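Dropping the structures in below, format is structure tokens.
Each of the next two complexes has chain A plus one more chain, namely chain B in the first and chain C in the second.
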Partner chain A sequence: MSGTTARPQSLLDFIRFCKEASVSTLKDYTHIESVHEMLPSSDSIILGHWMPVIIISSAVMQITFKTHLMTMDGKIFSASSFKKNPEEMSSQQVLDFFKEYCNMVGGKIKWLLEFNQIASGISLPILLRGFDEVFFSHQETPYLFSDKWKITSNTASLTCSILIELQDKTLWKRLNLNYEVSADQSEVTFL
Partner chain B sequence: MITRDLQAIHQIVTVFEKSKIQSDNLLDTLPFVFSVIDQNGQILRGNQDTAALFNLGFENLIGKSFYSFFREENLDTFVAHFDRVKMGEIEHAQFDLSIHDHAGNERTFVWDLSPFKGVRSARMTLFKIVGRDVTEFRKQVAQSTSIAKEMEVTKAIQTMLLPKEAQTVSSQFKLATYYQPAEQVGGDWWWYDETDPSSPLLLLADVSGHGVGAAMVTAILGASYHMIKQLTQGLQGEAKVQKIFEMIHLNLIETSGHDNWVCLSAVQVLRDQNQIVYWNAGGLPLFIKRKEGKLDILRQVSRPLVSSPVELKPVRAPLLSGDQFFLFSDGVIDFEDLDGATFNLNKLKRIFESYQHSPIQLTLDHVIKTLTALQKPGSPVNDDRTLVGMEVIEQNSINA
Partner chain C sequence: MAKIQVIDDSETLRTQLRQTLEKDGHEVVEAMDGMHALEVLQSTKDVKLIICDLNMPRMDGMTLCEKLHQDPDLSKIPIFILTTEVSPDLKARAKDLGVRAWIIKPFAPDKVLTAVTYILGKA
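Presenting the complex of A and B:
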């Protein structure tokens, strides 16, 4: 977890929802049972060669969800969805898979906001390089929060991160998101 | 309405993504080392040339220390330059520094190190490194320097083998010469010899080709001539020149084989007979500009030395006081003129004819100036250019 000041419980809960959504989505779509969340093992800014990104925007906040991965890890995670061995996967298939993965996780975040009567829009997922992380802000403020977490299986790992920008810094005090509904909502089959 | 807005935004995102991918691919394939590093020298982004140099997978460059590419003896230099940029002492550092590639080969690079701008966080300071492999270039420069030094030596040797004075006045003759090699050194050689006052000799040789190879043969030719001159001291008149040609021919074959043919012409002045003898082995005709302005041309078709056995047919002509005669190499006429046509003997003849009744140096200057003016601008000088002329001094006329 990033940040130097204590975070309100509602923010922590929201981030927890995002983490669970990212883990459960990956587990569902990769069919890898060993997928689980871990603390990030690196303090480096650049966490992977690729960085698919999706943005969920509403009147009160903007959420940027990013996945940081290396091609080889991506092949291992995505291969079973394509019913292939990792070495048979092309880079393009891997990148398409993870753009769609971002889309699914972003969809769940949007669903949570909508469930709490916060109208929002979601962007198309866009593929960036891991290096582009340097162009994102990393300095936490009362308006800006970020977090990252690692997702691993027995043989591969990737990192997810989230950047939350508020329009109103008191939002977390007023916001009481109901996230009791399971994050595990949907299923996608990759062809 | 909102749906249409969203569609437009999605289209922009799609275009942006394509553009971004193209830009990244360009950076990936830059034909030199390119990396972005943090303050500790850790690579955040590299390119394929960087990865190939160190035999790393492209994606594995991330997190690798750029310092690890330098051996201990060079790392301090790199860090010193990097520190100056980090401290803001200089905007960018440019320096030469060797690295060893994955195979252990030492490679010389010119490095350019400067801040990487555009980073969002003020706390994060990044730097970009560009490295150009100049190993081969530096080798070529070293070789060129070495060749240039050798050329200077060759040029000095060749200069020693030519007469020191381009304009000479003896008791009987005025001499005027123009010598311009196509390169630093050339394949033309000339000599004026008045050792035997009864039959002074003017020689001109043109070795096939030009540059260092031809210059080496002229060096052999010059050295041979001076040796043969001693050996033929006992001979007189035409027999002496005949022997000189034959011995030069044999000596050239002996020392440099059959690769370089040599056109050798000579004019022997027979004082007591008021005549000149024109000797030619493959050279161009002799131009005799008579005192009254008429131009006589002595032709003698023959094969160059080295190409075949020596078969000389010397041609005699009268020589009057005030007459001028000229020997020249084919570089004098081997060029493209203003009309795009190859210059030729007839055109050269007209230049000589257009300038009558002049002292020999003025005649030669006029010919060279006119040739230069007629040459098509920018067209290369293909061959060494030598023009040597002699004029019989009037007050000491050998013609009564």
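Presenting the complex of A and C:
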């Protein structure tokens, strides 16, 4: 979604990080190698039956990450993770799977904030109906940005979106996105 | 093979961990949050390892670790944290509470099993 105002490069890089986090997490979680990002194919506000949401909040910004999915697509993605047929997945299992997916992507976004010494908190994942997107309707301002992107595999797709609310407009000037994947992100660390 | 308690509010994560651990011959007892975990531990003997999420309703993982740390019997059970969190401060606090390993979600089954085998071998 293009904004009405020019976006600072660091904001674009931040959104790029979120997109890559959403794709890599879905790939790792479902074990589907063909998962990749695409431009959204619809301008519709309502993008799926379901909308799991997670919020990462700090003193300088609040980020709302949402996944918009149709039930059948959710079954295909989650069944791959469980090595089952999509028909074997219950709606409850699918929705729990995608709440946890939001939690994982939110964790990566929180990591980037902490890399920038920005203390933040993360909500529990919340499940909303796709129609509830109308409550997130907004107009882009210098303090409020949004974006959305589609993630697709050979057999299923979903849409992710992000809403960024700034409390400190100067944040983009000091945000350091020159990160490297460090030992902090390795899978198992003995303490 | 050992009895392992898995604590996560996500049924998906509990199921995937149970499948991973049972394939390796372990017995799994599940709990949905920290409070539920304490209830289960009261009625379940011989738990040799706890694998616990951090961000959970009712009682989070760090509060559970504090409760376990204060209990003379339960404090002997090694704990793994399974989370999306990577904060060094949280890790340091967890280490003080006796947490032995920190696993980032989504987890790789073989790496979790290697860590489980290593810790249970040392216990």
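We adopt the following convention: the second predicted complex is superposed on the first by the 177 of 191 C-alpha atoms of A that agree within 3 Å, B and C clash if a C-alpha of one lies under 4 Å from a C-alpha of the other, contacts with A are read in each partner's own complex, and residues count from 1 in each chain.
Convention: a contact is a pair of C-beta atoms (placed from the backbone, for glycine too) under 8 Å apart; a residue touches a chain by one contact, two chains touch by 3 or more.
All figures in this text were calculated on a predicted structure; none of them were measured in a lab.
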First, second, both or neither for A:Phe135, with chain B first and chain C second: first
First (chain B), second (chain C), both or neither touched by A:His49: first
First, second, both or neither for A:Tyr143, with chain B first and chain C second: neither
Touching partner for A:Thr71 - first (chain B), second (chain C), both, neither: first
Chain B versus chain C as contact partner of A:Leu124, first or second or both or neither: both
If touched residues of chain A are counted for chain B and for chain C, the larger one: C
Which superposed partner A:Thr25 touches (first chain B, second chain C, both, neither): second
Intersection of chain A interface sets (partners chain B, chain C): 124
Complex interface listing, chain A residues touching chain C: 25, 28-29, 78, 81-82, 92-93, 96-97, 99-100, 103-104, 106-108, 110-111, 114, 122, 124, 184-191
Parts of chain C lying in touch with chain A, wherever the complex brings them together: 9-13, 15-16, 55-57, 83-88, 91, 94-95, 99-108, 111-112, 114-115, 118
List of chain B residues in touch with chain A within their complex: 6, 9-10, 13-14, 16-17, 20-21, 24, 36, 38, 42, 44-45, 58-59, 62-63, 118-124, 126
Sites on chain A touched by chain B in the complex: 42, 44-46, 48-49, 70-72, 121, 123-124, 126-131, 134-139
